[in-house]
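Both complexes below contain chain A, partnered by chain B and then by chain C.
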Partner chain A sequence: MAERLRTPVGEPYGTGGRGPSPYGTGSGGPAPYGTDIDGPFPYGADPGGPSPYRTAVEGLRTYRMVAAMWIRSTMAYRASFALTLFTSFCVTFFDFVVILLMFGQVRGLGGFSFAEVAFLYGSTGTAFGAADLTMGSLQRMGRRIRDGSLDVFLLRPVPLLAQVAADKFALRRLGRVLQGLMVLVWSLVLLRDEVAWSWEKVLMVPGMVVCGAVIFMAVMVLGASALFWLQDASEVTNAFTYGGNTLLQYPPAVFAQDLVKGVVYVVPLAFVNWLPALYVLGRPAPAGVPSWAAFAPPFVALVCCAVAGLAWRTGVRAYRSTGS
Partner chain B sequence: MRFALFPPTSSPSLRTCSERDNMLRLYATVAAGGFRRHATYRVATLAGLFTNTVFGFVLSYTYLALWAERPDLGGYSSSDALAYVWIGQALLTVCGLMGGGFEDELIERIRTGDIAVDLHRPVDLQSWWCAANAGRCAYQLAGRGAVPLLIGALAFRFTLPDGPAGWAAFLFAVALGSFVSFALWYLVAMSAFWLLDGQGVVQAAWLTGLFFSGMLLPLNVFPGALGELAHALPWAALLQVPADVYLGRYGEGWGLVRAYGFQLGWLAVLLAAGRAAQSAATRKVVVQGG
Partner chain C sequence: MPLIELDGLEKTFTVRRKTGLLRRERREVRAVDGISFTVDRGEMVGYIGPNGAGKSTTVKMLTGILTPSGGRLRVAGIDPARERTRLARRVGVVFGQRTTLWWDLPLRDSYRLTHRMYRIPDDRYEENLARCVELLDLGDLLDVPVRQLSLGQRMRGDIAAALLHDPEVLYLDEPTIGLDVVSKARVRGFLRELNAERGTTVLLTTHDLTDIEQLCSRVMVIDHGRLVYDGGLAGLHEAGDGERMLVVDLARELPPITDVPGARFVRADGPRQHLAFPASASAAPLVAAVAEAYPLVDLSVREPDIESVIAKMYGGAAGELTGGPGSP
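Let's turn to the complex of A and B:
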């Protein structure tokens, strides 16, 4: 009875019939994507398929369309969106309040001043926020594998990763990016006289945010690839993403050196912000890492993407539907 | 639509002794079901265990740095602070510090209208969910709580309670904390009767709980009035009070009674509020049809 009152716009999978029907199940209108694709395997699953470049373009296009659809659907309830955006901002802000409370009690942490810790916080916060905004939905894939709804995605002639990553795209996660950026800018204002700025240090700040976001995204894709085998293990990724984000907010000197070595050589999270940020701050790199490593993030990000891509392909090939 | 919460025959005055036994047996069965249901997801438990342990290590080092700068911060030694970190990780799911673990399902049942079926059962809705949640908590404590605490204790050699009596006092405080958590999240879920989409309220509750439970930083470290406020709010009963009982800060005898009294007081208030919301909802709200 009351169901009629709910607009079906917010429920793209609903049977409502009205509203934008993103997957083209509704009547009329052009098919939303995939109309100009030649060949049955556009995502390069077969050796003779299109070039990786085409796959990437196709993936980005798919991602944009699915994300835009979800944004439209979110905007049907503007007040609700504003509220959730605000909450997302606050959640991350409380995270920062902890650091403020800590510095209400102490003057320095591991030899770092407040401005320096805020710099670490802001850089990893922005990078992680951007990765979470774009790839955060990958965590839901375990459920899709379990209930078999991933099969529908596989049937569509567009890259699977783009579909899954943009699935239920939540614009409210922008709150985390905004909060991270605010802290980063604030810390840069505080640090403007303390740091001996040079052109490579100025370029390094936006560079490490971008590379950091890519590294976090690769970790998320890698974690999602494991879901093809272990559907319930999505929380393991949290240890590296959310846990890594928390780790990188604090100076490396605080942690046991084995832990620091682990995030340099095993899961290269240290390249997200620690190594470049220490270079910007004019401090020595931790755990005996050479100082040129501060310039390595772009290459590390590329390697991470390659590994994640490989793991993803292996995962997709190993996928067995639940059959339901 | 109106729902009778009890079938007519089970009005309290007419209830016989054996009927009460039957009800108790029923709730015990529901609780056992809650335990078994969560015990099914072993990989998820292992994954959660791993994440809790990683977070435990990360937080331990930051707390060590903080306590190195300010020994005796908030009245804790660094060994106490480390124990606090790992208690927080152990109780994360048990005391619903980041979501009660059942409210999403309850809200979904309210939203879809399945709740009508639940209300027709000859058992009380709140007690049913409370029993199921107690089973879940027992499993989470054994499956996800004990191991991180053990790993943390081996890695950092932090403060342990005073003998078996100390452990028993701690476990009792944890049990009370998990029931306070249930009462809180049940109240949150009840809001869905009016709002249908409970996400906003859940997020707000999540946020307040995370901050005021002491999950992010012990409430003792909060400055001045904020600290006093945080100590008086119900979220203090979830982590701060059990942790302080563990660390022996309430002493024995009357001190412990004070701690338990605080938890029981909030438990009574919140359960009553949940009950009031439930009866208001079932009286006034039209259940979603489908």
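Let's turn to the complex of A and C:
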């Protein structure tokens, strides 16, 4: 539209010369807003069209603001916050103890050594933890849709996805990331002599964690998009996110080949860590996947984002709100 | 050029209903069924109708929350569903039954977030906030967590939040629902002033017809998704086939006045008699006729009760009209 290109001019209120307050006594003065409906934007800042870059920047800014508000909200109940933090710490800690105990008893799993399994566990754990920390709230959007409180989000001049993702932001979910990261670093220490390291393998480790997190996030957004039609679909999404995370903690050889194929070709979760990790470990890819697939995660992540973005937009347009 | 333009706006919902164990029935519900109107800058319009008439659905389409199923819609030249976030900077919305404020944080924090989200220049923000605080009496409430506010206080807080970014249009959905008389009066006074001094266009959805009587010069009545009336408040009386009441005080108690043409005797309280006549007719010849034949001491003309007029228009939906919160 042409009006988007128009440079805003002058003071938007047209109240110049009416003293310090535009609410001054002269009610017969000029109309505060011009009669031109394509007129300048308030504050001279046309937010512009939906360029993906602008939306992303606005989204990040919004996310920060909303997340900060939620952290402050949590602090409003100090005792409760302290208790949650303590519980969360305990859960994470015991989770960690369980892994230690398990690896204390089992030397290998599906032909994988202890360090190799820890590598799988740590890489998917970090990726999933990061996705859950930032996007985990999306699965709770179903309730917001049911009770109609999503309406309020839609009234704000900032991207909806960022608001929903930052909704009820909980810092305690950082524990999961830290736990995964710890296991990952530990496994790398153990693997430092076992693996024939090269530059692409060194770069592949952070790369797979980042791409893995993005793939998990995209799956979460995709799942949340379904909530616009089916408000109870969050359990289905959980099967792919939480379930996928559990699956990826173990070597593919442990599972039935059909399941592995599904994770490669249907839901691209194998790209989160299996394929690149197997490459790093110098093992053949499962289910007859070519070895170059280990380098595919960035592209898979991009495609996932595109699909999720499209689904999200379609979902928002299909939003039905509630009766009142 | 009008600020809000609707042309044949439609919204249909598909409702699935279980009719048996596995059988489901799909049914199309037309919540908004071809509404057309325009609102100019600075107008204050009442948008009324019984529960489920399509009022909230219309407002949600005007803000871009819902995508219309058909028809054309422009607010300030923007297609709301397409450019929702862009439009959001130019409109303010108050949903009476839903707060935009942060439940656990002081009112001030919610305003600060609005300040940053809408990128309101500091001087504008300070000025608007100061004005809202003064006129809505929020001074003592700014540092109170929203969950501790009463309904009336929260509503005033919500109205302020919707106005900090200088919206050109303000949509109010049931702004006085559940408020006491004092709070209602304060809110109405504030809106009147806002409209008069700022020129803010106001679209008001309400069940409280006093809101309409006190604020709006124009009323739109919607029923079953269709616009059944659009015009001045006074015209509503005629459209609703209403009657006005001539109350005459006679010098002494007399038999009912039944011989005056154009009037219908309603009741008598001693020397005072009530005569009904069509709202569209003039009272003057009637008064003259009564004065000629009877010892007239005093008289007054009463406008019909707007509620009964609208109830007539809805066709028996009066019970719902004065009822509680809207439901689907």
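Observations on the model:
Quick note on the criterion: the second predicted complex is superposed on the first by the 242 of 324 C-alpha atoms of A that agree within 3 Å, B and C clash if a C-alpha of one lies under 4 Å from a C-alpha of the other, contacts with A are read in each partner's own complex, and residues count from 1 in each chain.
Just so it is clear, a contact is a pair of C-beta atoms (placed from the backbone, for glycine too) under 8 Å apart; a residue touches a chain by one contact, two chains touch by 3 or more.
Since the model is a prediction, treat every value here as computed from it, not as a measurement.
By the touch criterion stated above, A:Val236 is placed in contact with chain B alone, chain C being left untouched.
In the overlay built on the shared chain, the residue A:Thr84 is in contact with chain B alone; chain C does not reach it. Of the two partner chains placed by superposition, only chain B is touched by A:Val106; chain C is not.
Of the two partner chains, neither chain B nor chain C is touched by A:Pro290.
Legend: residue contacts after superposition of the two complexes on their common chain; A:Pro159 is shown touching chain C, with no touch to chain B.
By the document's definition of touching, of the two partners only chain B reaches A:Thr246; chain C does not.
3 are the residues of chain A that lie in the contact sets of both chain B and chain C, per the superposition on chain A. Taken in their complex, chain C has these residues touching chain A: 1-3, 13, 41-42, 52, 56-57, 60, 63-67, 76-77, 81, 83-86, 88-90, 93, 95, 97-100, 102-105, 109, 113, 116-121, 124, 127, 131, 145, 165-166, 168, 196-200, 325-328.
If you check the complex, the residues on chain A that touch chain C are 3, 12-13, 21-23, 27, 31-33, 35-38, 41-43, 45-48, 50, 62, 65-66, 69, 72-73, 76-77, 148-149, 151-152, 154-159, 317-324. Those residues of chain B that touch chain A in the shared complex are 41, 43-44, 46-48, 50-51, 54-55, 57-59, 61-62, 64-66, 69-70, 73, 196-197, 199-200, 203-204, 206-207, 210-211, 216-217, 221-223, 286, 288-290. Chain A makes touch with chain B in their complex at residues 1-3, 6, 80, 83-84, 87, 90-91, 94-95, 97-98, 101-102, 104-110, 230-236, 238-240, 242-243, 246-247, 250, 254-256, 259.
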